[in-house]
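First up is the structure itself, then whatever we jot down about it.
Just so it is clear, A, B, C and D label the chains in written order, and each chain counts residues from 1 on its own.
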Amino acid sequence: MTRIAILGASGYTAIELIKILLNHPHAELVAATSRQEGAPPLSSVHPSLYGRTNLRCEDLTPAEVAQRADVVFGCLPHGASMAAVPTLLEAGCRVVDLSADYRLHDPDVYSEWYGLAHTDVERMKTSIYGLPELYADQIRGAKFVANPGCYTSTSILALTPLLVYKLAEPKGIIIDAKSGTSGAGRSPKLGTLYCEVNESFSAYSVGKHRHTPEIEQVLSDRAGQPVEVLFTPHLVPMERGILATIYATPTGPVTEKELLKIYRDFYADKPFVRIVDHLPATKDSAHTNFCDITLRIVRGKILIIACLDNLIKGASGVAVQNFNLMYGYPETLGLLPQPA
Amino acid sequence: MTRIAILGASGYTAIELIKILLNHPHAELVAATSRQEGAPPLSSVHPSLYGRTNLRCEDLTPAEVAQRADVVFGCLPHGASMAAVPTLLEAGCRVVDLSADYRLHDPDVYSEWYGLAHTDVERMKTSIYGLPELYADQIRGAKFVANPGCYTSTSILALTPLLVYKLAEPKGIIIDAKSGTSGAGRSPKLGTLYCEVNESFSAYSVGKHRHTPEIEQVLSDRAGQPVEVLFTPHLVPMERGILATIYATPTGPVTEKELLKIYRDFYADKPFVRIVDHLPATKDSAHTNFCDITLRIVRGKILIIACLDNLIKGASGVAVQNFNLMYGYPETLGLLPQPA
Amino acid sequence: MTRIAILGASGYTAIELIKILLNHPHAELVAATSRQEGAPPLSSVHPSLYGRTNLRCEDLTPAEVAQRADVVFGCLPHGASMAAVPTLLEAGCRVVDLSADYRLHDPDVYSEWYGLAHTDVERMKTSIYGLPELYADQIRGAKFVANPGCYTSTSILALTPLLVYKLAEPKGIIIDAKSGTSGAGRSPKLGTLYCEVNESFSAYSVGKHRHTPEIEQVLSDRAGQPVEVLFTPHLVPMERGILATIYATPTGPVTEKELLKIYRDFYADKPFVRIVDHLPATKDSAHTNFCDITLRIVRGKILIIACLDNLIKGASGVAVQNFNLMYGYPETLGLLPQPA
Amino acid sequence: MTRIAILGASGYTAIELIKILLNHPHAELVAATSRQEGAPPLSSVHPSLYGRTNLRCEDLTPAEVAQRADVVFGCLPHGASMAAVPTLLEAGCRVVDLSADYRLHDPDVYSEWYGLAHTDVERMKTSIYGLPELYADQIRGAKFVANPGCYTSTSILALTPLLVYKLAEPKGIIIDAKSGTSGAGRSPKLGTLYCEVNESFSAYSVGKHRHTPEIEQVLSDRAGQPVEVLFTPHLVPMERGILATIYATPTGPVTEKELLKIYRDFYADKPFVRIVDHLPATKDSAHTNFCDITLRIVRGKILIIACLDNLIKGASGVAVQNFNLMYGYPETLGLLPQPA
């Protein structure tokens, strides 16, 4: 059994992670941290856990965490994460960091988009990007992985084959993305109140969303040339799920059938990417680690539709996928039924 | 035109009130208060008002408000309201108070349920309860009216005829009530976040909800004997609407048909109470000032189902109904189409 | 009073229309048709109307309708509408047709997108397109108006100033549109069941939606040159509201500030178009006849966000706006408070 | 591996069952039936299954099913189920019937509430009621089990300890129950359209719901005396989850603390019943096989709140629990993590 600690255990990402790990045959949850006073039972913070764990939400230092755990899943906000990660790694823990702190490799880009200076620059520059469909070789056996953003994974999985095979122009790509509300976190804010979100749909952070440089960094790396996207996020009155509608300009003649085949081949041995013929709905992949993708040619553009569960494939599920690769477990363990 | 000020203009009750008053031919909105800094336009606090009003949310004292307005609608929290009302009334304003501060007549009951001592005891003891279907004679021409609670109006309108005619036992009445989320207000709290409310249903404040003594006070007054209710509120994953399912014990044999007739007669000249044969849904009265009621006999009990829009008939609509009566306008002005 | 009949009174568009007309000082509802047996009360088909109208849903022929009414609002499906309209007009009625039958002017385009031959070709070729912000001069005093589609109005209002002033390329425009579920109608279908729509988001009719040629026809007319759009509709788990996120390529340098000013000037005397600085949400215009629009420059593209209530400004509200213009009433009558 | 067939595979109960069984180490899905033409892939009927099963929806006779499967889960409507069950059992299959056909033991009660004569009377009279918390001894090793209704399980689990220990009067019990919309099935009907259910709450089938006699039959059996309930179901604008608020009259003095202890003892070795101190929300048990229960004393009444996921613990989860008991597998297999 691998002993696991979760930092920042009170949010929506953490509860999904805990539920997956409770079903994982090699995972033993040994610590959960949060800044709540009095070390309340985890099941009082997340009532769905009643009777399923005896863990408490403790206010532990990274050093204390490192004494108990082999691997740490960091669900802290950006900024807080880079304050904790160095101690954990130096103490010998492995870390899957679900924050944004180590996803970007350029400290200037980080400070431009996140508004603060990075304090662990050398590590960020060489961090491993935890999208197993693209970086499994690096993740396998790694000590430290930067888990990707939810919009980011959706967009990258949708666009990579197109750009790798130079089937679309790397500039002028439009990503019109829509997310459920859990992506905004569990801290009470006016904008995420039920009565504000319900029966409403809106765009937000137009031209300014922090997943933009992350998408561009990874796609540029995969494409071998600079990729530029116009990324527009929207808030959907639902809890979970992201759908991205992506518009790209083909570099030459191509059919839908060819595109679907190219994508199926590209993701042939990737158990969590489903290339589908129909138009997928977010509900189809809700509560799973799947990413559903389809493609169309419309009025001369390549239109890609990709969706996934932002809390699972967009955060906690992919974190467990990374954990499995880091420890040499089957990639799907805890996420899909295992062959008998 | 009557000059109107609204205290506490940033919440869900206030925005509904403002929208009704913008359509009211004798209302002129002259002031809106809130504690927000910098006197932001009302339309930045409530974007739906864009282009419909030039009012700002000002941080005005009651005395300043009184200089501008003829009548004040108080949408302040309890406690804050009783700190403002005396000044307003002494300065000559009329007041419709939507808080709970003046609904109860017994200061001990108030302090028991609200956890603070009342500071305007004489006025609370003799305040007029603003449920026009029962107290129109007192409301007509009044200077000051205590606007009822939302669960309260639903329950009282549903039970009054039964108790007035002694058709049901005054003890052991069960009110199982369900409310949309707007009743919990617009201040950010964990419990009213979209991701907590959505796809969930729960009871809350069991045995402790503050509308209990209010329901009992008014029903006892109407029945001429002490009435006791067991009131259980629930939170529904929707924005607006209250439905109460009420179980009462008949004092003697009675049929559904008789009950429906008694209710139709009782509310014959009340334009906002609809006695219906079918089982009403909250959607039927949403965005209106109607209260829909039906009755059934099931297994020896009288079952009453009543519903209304908690923000309109349960708060702002009835406030305008009270305003109309106070000023001698037609009761339905601003709330229903007027005869040509 | 103008005597009004509504054809196809059982759907979501009809109920909104009825509610608006009940508040309209010059409207008298005299007939409502539907194919339901036994002429049920309109209030049993729409329980929210209980006590507000004595109309029944009658199965009347166009000729019978014409005997009772001065003006007919047609809420029939396409195909059915063109079977009824000629009779009504020949009998002297005025007609606002909310179906798609008379919006397009080219019968071949109609049969290509709607899959049936038009049976009233001469009338369709010269029909007046009922978008008052663009065609008020033609609508004023007209006998017959083809009421626009919901996605269509959103898209056209958002793009017209840009194209009229040749600020954007007329080709390659991307309209990524999102609609609430009421747009799909009230006939029971698997795809619009609560449990299918709730907590889900998906694209549909990609590359095939029938509002595409309508958008292009009107924009081409306004631009004076052929306009081509890539239109992608999505279904949002909400009841009402459309938001379109539109991407266009500027023909030359332009700032957000300039664009907002151009739009404000263009719509200066249009009471139902609100050019806003913030990012509008569908909730802001829900239950109103407003269309909210803003613009941004992002990565070299002009990004327009426009939203409206698909049932009101996208259907029934604009129908009443058209009715007002046809009869010479103030354009906002029944839709906005009138000056004292 | 146990070979499993599912009859009536296109609905919401079936899809949940399939998902559980795909994770069950001893289950092999070998057939799925529905009346759809052309034997479409199961994944086209339920897109969430894409890539997870190769099964098709075949229109098989019971005899054909019996040739392939060891055990059959029947998800057919009542009436259809009793037409298929005898053949299956005679052919040697075991059956878990999720319909209402074999839950009641009295054919007259069946025909009174379901409006048709039972055609397999002897079997219904002696059928085993598949609520494992109460009837595990009979279910263990059984060939045929009648799976309980969703409201029924909620109500029975909530009331049984109270009635077994004669802590409450067996008459006059009020069950005010609220259900998500999936309980109404996947056949398109006006009443379950998104736009009808969303933002609405209503009671239905007042005094007439078919789960009433089922609740009374089982509780009377457990209590050893006739139990009478007044059962009122309501429709909640959510997808899954049932919460019952139950009011009973204590037979003598009792405290909340005593009641909670009695319940904890009664369900001590039942892994799926959680007696909680807090007020449970349906979300806490959503997507699980748990039933959460708490109790309060309010104004002299015992108030019980119980909730569960109507599709899991209320249908498919308990069906798998029954399957486990029938085959001697651990009761929690496929439903909870197993000890290492």
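Here is the rule we use: a contact is a pair of C-beta atoms (placed from the backbone, for glycine too) under 8 Å apart; a residue touches a chain by one contact, two chains touch by 3 or more.
Just so it is clear, the structure is predicted and the values come from calculations on it, not from any experiment.
**Student:** If contact pairs are compared by residue number, which of A-D, B-C or B-D agrees with A-C in over half of them?
**Tutor:** B-D
**Student:** Could you pull out the chain whose C-alpha mean position is farthest off from that of chain C?
**Tutor:** D
**Student:** Can you check how far apart chain A and chain D are, centre to centre, with Cα atoms defining each centre and the answer in Å?
**Tutor:** 36
**Student:** Report the inter-chain centroid distance for chain A and chain B in whole angstrom, where each centroid is the mean of the CA atoms.
**Tutor:** So the centroids are 46 Å from each other.
**Student:** Show the residues in chain A shared as contacts by 2 or more other chains, in ascending order.
**Tutor:** Correct list: 196, 198-199, 237-239, 280-281, 283, 286.
**Student:** Which of the residues in chain B end up touching chain D in this complex?
**Tutor:** 174, 176, 178, 180, 196, 198-204, 206-207, 228-230, 232, 234, 236-241, 243, 245, 247, 279-283, 286, 296, 298-299, 301, 303, 305, 307
**Student:** Which of the residues in chain C come into contact with chain B in the complex?
**Tutor:** Touch list, chain C to chain B: 1, 22-23, 25, 44, 47-48, 50-51, 198-199, 274, 276, 278, 280-281, 283-288, 290, 292, 337, 340.
**Student:** Given the complex with chain D, which residues does chain C contribute to the contact?
**Tutor:** 12, 181-182, 186, 188-190, 192-199, 237-239
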